[in-house]
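The letters A, B, C and D name the chains in turn, as written, and every chain counts its residues from 1.
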Amino acid sequence: MTRHQGRHFLQIPGPSPVPDRVLRAMDMPVIDHRSAEFAELGRAVLQGSQKVFKTAGPVIIFPSSGTGAWEACIVNTLSPGDKVLMVETGHFATLWRQMVARWGIEVDFLPGDWRHGASPGEVGAKLAQDTGHEIKAVMVVHNETSTGVTSRISDIRAAIDEAKHPALLLVDTISSLGSVDYRHDEWGVDVTVSCSQKGFMLPPGLGFNAISEKARAAGKTNKMPRSYWDWEEMLKPNAGGFFPYTPATNLLYGLREAIAMLLEEGLDAVFSRHQRLAAATRAAVKHWGLEVLCLEPAEYSPVLTAVLMPPGHDADQFRRIVLDNYNMSLGAGLSKLVGKVFRIGHLGECNELTLLGALSGVELGLSAAGVPHRAGGVAAAMAYLEGPVEANAPMHLKVVDI
Amino acid sequence: MTRHQGRHFLQIPGPSPVPDRVLRAMDMPVIDHRSAEFAELGRAVLQGSQKVFKTAGPVIIFPSSGTGAWEACIVNTLSPGDKVLMVETGHFATLWRQMVARWGIEVDFLPGDWRHGASPGEVGAKLAQDTGHEIKAVMVVHNETSTGVTSRISDIRAAIDEAKHPALLLVDTISSLGSVDYRHDEWGVDVTVSCSQKGFMLPPGLGFNAISEKARAAGKTNKMPRSYWDWEEMLKPNAGGFFPYTPATNLLYGLREAIAMLLEEGLDAVFSRHQRLAAATRAAVKHWGLEVLCLEPAEYSPVLTAVLMPPGHDADQFRRIVLDNYNMSLGAGLSKLVGKVFRIGHLGECNELTLLGALSGVELGLSAAGVPHRAGGVAAAMAYLEGPVEANAPMHLKVVDI
Amino acid sequence: MTRHQGRHFLQIPGPSPVPDRVLRAMDMPVIDHRSAEFAELGRAVLQGSQKVFKTAGPVIIFPSSGTGAWEACIVNTLSPGDKVLMVETGHFATLWRQMVARWGIEVDFLPGDWRHGASPGEVGAKLAQDTGHEIKAVMVVHNETSTGVTSRISDIRAAIDEAKHPALLLVDTISSLGSVDYRHDEWGVDVTVSCSQKGFMLPPGLGFNAISEKARAAGKTNKMPRSYWDWEEMLKPNAGGFFPYTPATNLLYGLREAIAMLLEEGLDAVFSRHQRLAAATRAAVKHWGLEVLCLEPAEYSPVLTAVLMPPGHDADQFRRIVLDNYNMSLGAGLSKLVGKVFRIGHLGECNELTLLGALSGVELGLSAAGVPHRAGGVAAAMAYLEGPVEANAPMHLKVVDI
Amino acid sequence: MTRHQGRHFLQIPGPSPVPDRVLRAMDMPVIDHRSAEFAELGRAVLQGSQKVFKTAGPVIIFPSSGTGAWEACIVNTLSPGDKVLMVETGHFATLWRQMVARWGIEVDFLPGDWRHGASPGEVGAKLAQDTGHEIKAVMVVHNETSTGVTSRISDIRAAIDEAKHPALLLVDTISSLGSVDYRHDEWGVDVTVSCSQKGFMLPPGLGFNAISEKARAAGKTNKMPRSYWDWEEMLKPNAGGFFPYTPATNLLYGLREAIAMLLEEGLDAVFSRHQRLAAATRAAVKHWGLEVLCLEPAEYSPVLTAVLMPPGHDADQFRRIVLDNYNMSLGAGLSKLVGKVFRIGHLGECNELTLLGALSGVELGLSAAGVPHRAGGVAAAMAYLEGPVEANAPMHLKVVDI
């Protein structure tokens, strides 16, 4: 048996593989978090993060998971009894909704089929009806990690504007930031929530909130008890490059390096690369005769592709076979998709050959698991990748640029 | 100039220096947090942590700083309007009190002079007066990192018991756990709060709550909104070695290694080592003619020593000179002690020669800063360390064993 | 452009990719090379190496490249004016011959076409003619890294025995040891030369000589000046786990870990894995309509495949395109094969998906470089790999077992 | 017991502690040694090394120990039957002499007492007598690692010049280069031999030869068989940043980083730092009432101090006690000094506090071993270090500048 030898292919939609440069940057002695040397680090990561979020406003970094950053967004902007509009894009939107509810917020949850992004039209219609402006915030997941569907944030912004509604726009970019085109300021987002272990290519352990002036103002009057997540407590020491409590220093070392890598490649190049790899993946899936969960081409995720299993075949059984035979991790179906889909992550440090190795593993796994499919998916992906970069990239950039 | 060359001496009272074994354990590819391989890691660190907290009950690990673990302790046990008894042992007790207040809890804050630990007698007296049992919890910092004073938790437990008071006992062991003798179960503590970057010798980024049955029961009826910190949400997946949201995987790799190191040395040996190094440090301070901030020998901290500067001399100016000339970080005085004390950390991976190098740096720094002192402190520390391990260790172990 | 992003595919026939476990084992403080702790390390690697060479006799480890181990083999066994029989299997055999000549040895160099291994028959015939036993040694390269052709060492041993010739058998296993079945003792080899950066999965920097009793005896009377490479100087301190001069300590840390990895997987499993990956590679090459340089199926290399470019196409131009477009390094044609072949390394830490990623890169590169080929090579490799492990492995193990 | 906990103090005179930056630079994937990326690395280390050797001529880097670099120096410049003048400065000079003899060279070995450096006067006298110019080379160890005595190379150069003797000047700087002022070109040295694990602060595994025009010319006509060590074979590919056989790539990564560190600090600052630390060490030794082996102040080594044990006390027993009790490695007495001296290394990454920690360990060890001494040596070292850098540094720089 040649099982579990060689390099593991971590093709889940996050945590994404951490580049050696980033791991090594973290593998250094911790320093005094009250020193001038630390302040330099602090400023570097706070300012560097602004470039990735594309904001001139503050970005707050918590020692937390992305879930913590969700909570920070809620407790700094909303009050018990407030009403928000959320969209059921999938498992994570549902989890976020549950969290919102636990904080005593009323949620108007636009139902979804988990195969489409948030509909700007429906959001606009809801807001138009809300003439009393009871809705305090629209909360949307940019890239629904459970389904591989992106929501068009700039269109949702337009819908809010058209409805002349004052609601805050709170966006989860946990699995999109640093991989998918995203513009906090230009798109008028009030809070952008993110984390370290996806497009930032870091291990898990950091949560982010990019915040607008309007969001910050909301935080000054809202009525939610909080301490750890309080923005104002953060922003005071952040001005000098410091944090109000001990930060996750070594993860910040990694963040500095990861931001440098993103900017070296260029954010547009990073986004275009993700688009190409995602399109190549879909070419393979289509060739196999399998179905991509996402039904709307303009909403295909550049970071992951969720694939439906044919009826009578269990996705988790398939994933086990892939792991046991080919040393690759694929993402599971979550919640109502358990056993029905598997998810291929192609984000972060991914490149063509890594992706093709991964798709080979999927194709071999389908065969090993007895899942009906047409052989040749890898070749189809290769054919796609052979197309000119210039030709295919813009087409796909439209997905989020519309 | 020979400045800032060679190995930095990180002698702050945490983060403590991370051993190479731990850093290297963390410097490995991240794995799928839903895999069987992860479950093994999860179980290893959850069970290993129990040994360090000396509890048979659950230990919860958050991706957070220690401050987050403070908050978790509060929101899982108390309700708005509750009253708690806290003791002003120093800066961190004061910060914790502020956090408690932010959560709408009324605090009876026993005043302190920052030079003594929490008085079991005063705590007992307060509880005895509270015949209506309005006090829901007694909250104490085991090792006050800002002052180098420990509080005798087992005595406080005894005082609560004597008062036959049902209050929960909530203890901050942020800078003591894994360095100072501590017994969650034996001492009847309800929640023990800790973090990764002190006795666990890890980078910052993990918060801990060890919880008693009684604390857990309190959490089932208390009225504090919460989601990220909710124990019950954690305990469900923890049973299988998993976490409800993405854990800080690489820090958990490090935690597994750090626990192994603590158990290899033996917790009692670890505690005894800290006692000896602390006593040696005090011998140096005494020889220099400087004053240890802690006034009660039975409460000397084994992990740090806060030293008072003579009047007219600024501790921060001294610390800067030490950093610039001898490449060593010392801890600053905090809050009302700013400029008045410096703190020498001697915890975690510290050993005799590292300590003596550090004390040499203090002595040279005193001289360079023109602080009046009697030369020979390092020699005094050496003289102490030459004493038989068997003879001096038990004497000091009494500090926390009383 | 998405160029040079993500993980580099190092698919040269060595240095092979170093596993994270090995790199991290090396990333530790150097220790005193005269300490008891070092002696443990020394014994571990010296004894562990014996298992990989399959010898009960001594293995000598030099701080050197493999070229140094070649030289050590020569100067410890031969004398100026001696005559040896060598076989022109390719570039490295030719280089070794040049080195032998520089040491004043006469070489009878059996000509070869670089597409076959050493012929046991020809070797036997030469020895049979040498009735005066002027030939002191037969020197053969086990796996010719420049051509991807293995020589059947056990058959050559048989040929020597049949000729009843006393010549020493000196074998270069630089690119085969730890990847291809090899048995120093069982095959009666006198000196086996190897290095760290191929099957041992280490960075370059260690050279090895495994030596028979007969070789050692030869070294006691031969007349070649030497000091650094002298076996006897090594063997004395080696007995205690030490070395006569400062060893490459951190590479030895890595060697200890690498040997552990090989033994954990099991040498037979390692060999079988290499056989399968090599066969899959040839399936791809055949499908592309390209020609494998090696003409003898029983001599196909399990560690690399050298592929002939169609006339009119330059292999180095192709390799450049692959590197620039797909971030993969392939091996160049060497010496008379410059521009005519490229070499695909599939050794060491390689597994199925890594190989398929690499083959995808070759196929895409052929296309990008305008090299005529039939698309579908990757699919052919996948088809091969889908075959039952049990069925195909034994067939291929025969390659070297004949 | 607090034994073997915390950071090990590696205070042998090499290998010296490897800085984290260097270890981490080495902890990266190996690259294709025939690629453009490698050529950049190759050029960087070859040119950077020239700055450290202070030469405009070529520096050759071998995958070898320093012993290998000794051999390379010999076989590239001398011929069997040649005569050389060497000086018995200690154990390593004696080993080098033995190596020279093994290569069939006649050695005129000026006897020494192991407590003084090579005498320029005696060397000059010998050369003056050698009117037939039979002596082909003068071979001297710059810093005798076994004794802690430096030889004044510029004075020896002057003596050779005064004698108008054409002998080559071959100098071993194995434990001095990068720590002690050394000027290959200015001092007219023909071959400077060095290695990676001392002043370069790398793990062992690289050997160096810096060579003059005259040395290179000698190598073109000398009659020593060689291949691995042949300079000309190296120099051809070196011109493009490549090597004739697989180089120790990861050590070269480390070398690039280490050279950067030396140049960032500034070579003069590095030398001055070593002088100060050495002088502080001697202040301690003197205070203890022990004797420094080196009898000539102008020849005190800046990198190590060898200390004589009082009669009746065994240095190795003392070293064992220090290791067992204080987790520090000291250097042993070698050859005729076994048991009679111990050696304190203070080179490479060493700084004041590391040194003072180390000296504390020596003082505690003397006490634990019952070696008569006057307490207070560490204080004496501190007193020395308190002196103004400007005042003491120049005084000591004279040691090698005379």
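As a working rule, a contact is a pair of C-beta atoms (placed from the backbone, for glycine too) under 8 Å apart; a residue touches a chain by one contact, two chains touch by 3 or more.
Note that the structure is predicted; figures quoted are calculated from it, not measured.
Asker: If I average the CA coordinates per chain, which chain comes out farthest from subunit C?
Answerer: Comparing chain centres, B lies farthest from subunit C.
Asker: When I count C-beta pairs in contact, which pair ends up with more: A-B or A-D?
Answerer: Of the two interfaces, A-B and A-D, more C-beta pairs touch across A-B.
Asker: Per the centroid of Cα atoms for each chain, what is the distance between subunit A and subunit B, given in Å?
Answerer: Once rounded, the distance between the two centres reads 36 Å.
Asker: Could you grab the centroid distance between subunit A and subunit D? Build each centroid from C-alpha atoms only and quote it in angstrom.
Answerer: 54
Asker: Can you list the residues of subunit B that touch 2 or more other chains?
Answerer: Counting only residues that touch two or more other chains, subunit B contributes 17, 24, 27-29.
Asker: With touch defined as at the start, can you tell me which subunit A residues reach subunit D in the complex?
Answerer: 20, 24, 27-29
Asker: List the residues on subunit D that touch subunit C in their complex, please.
Answerer: 8, 10, 12, 14-15, 17-18, 23-24, 26-35, 62-68, 70-71, 80, 98-99, 102-104, 195, 197, 203-205, 224-228, 230, 244-251, 323, 329, 332
Asker: Can you list the subunit D residues touching subunit B in their complex?
Answerer: 1-2, 5-7, 9, 17, 19, 27, 265, 269-270, 272-273, 276, 326-328, 349-358, 360-361, 363-364, 367-368, 375-376, 378-379, 382-383, 385-386, 389
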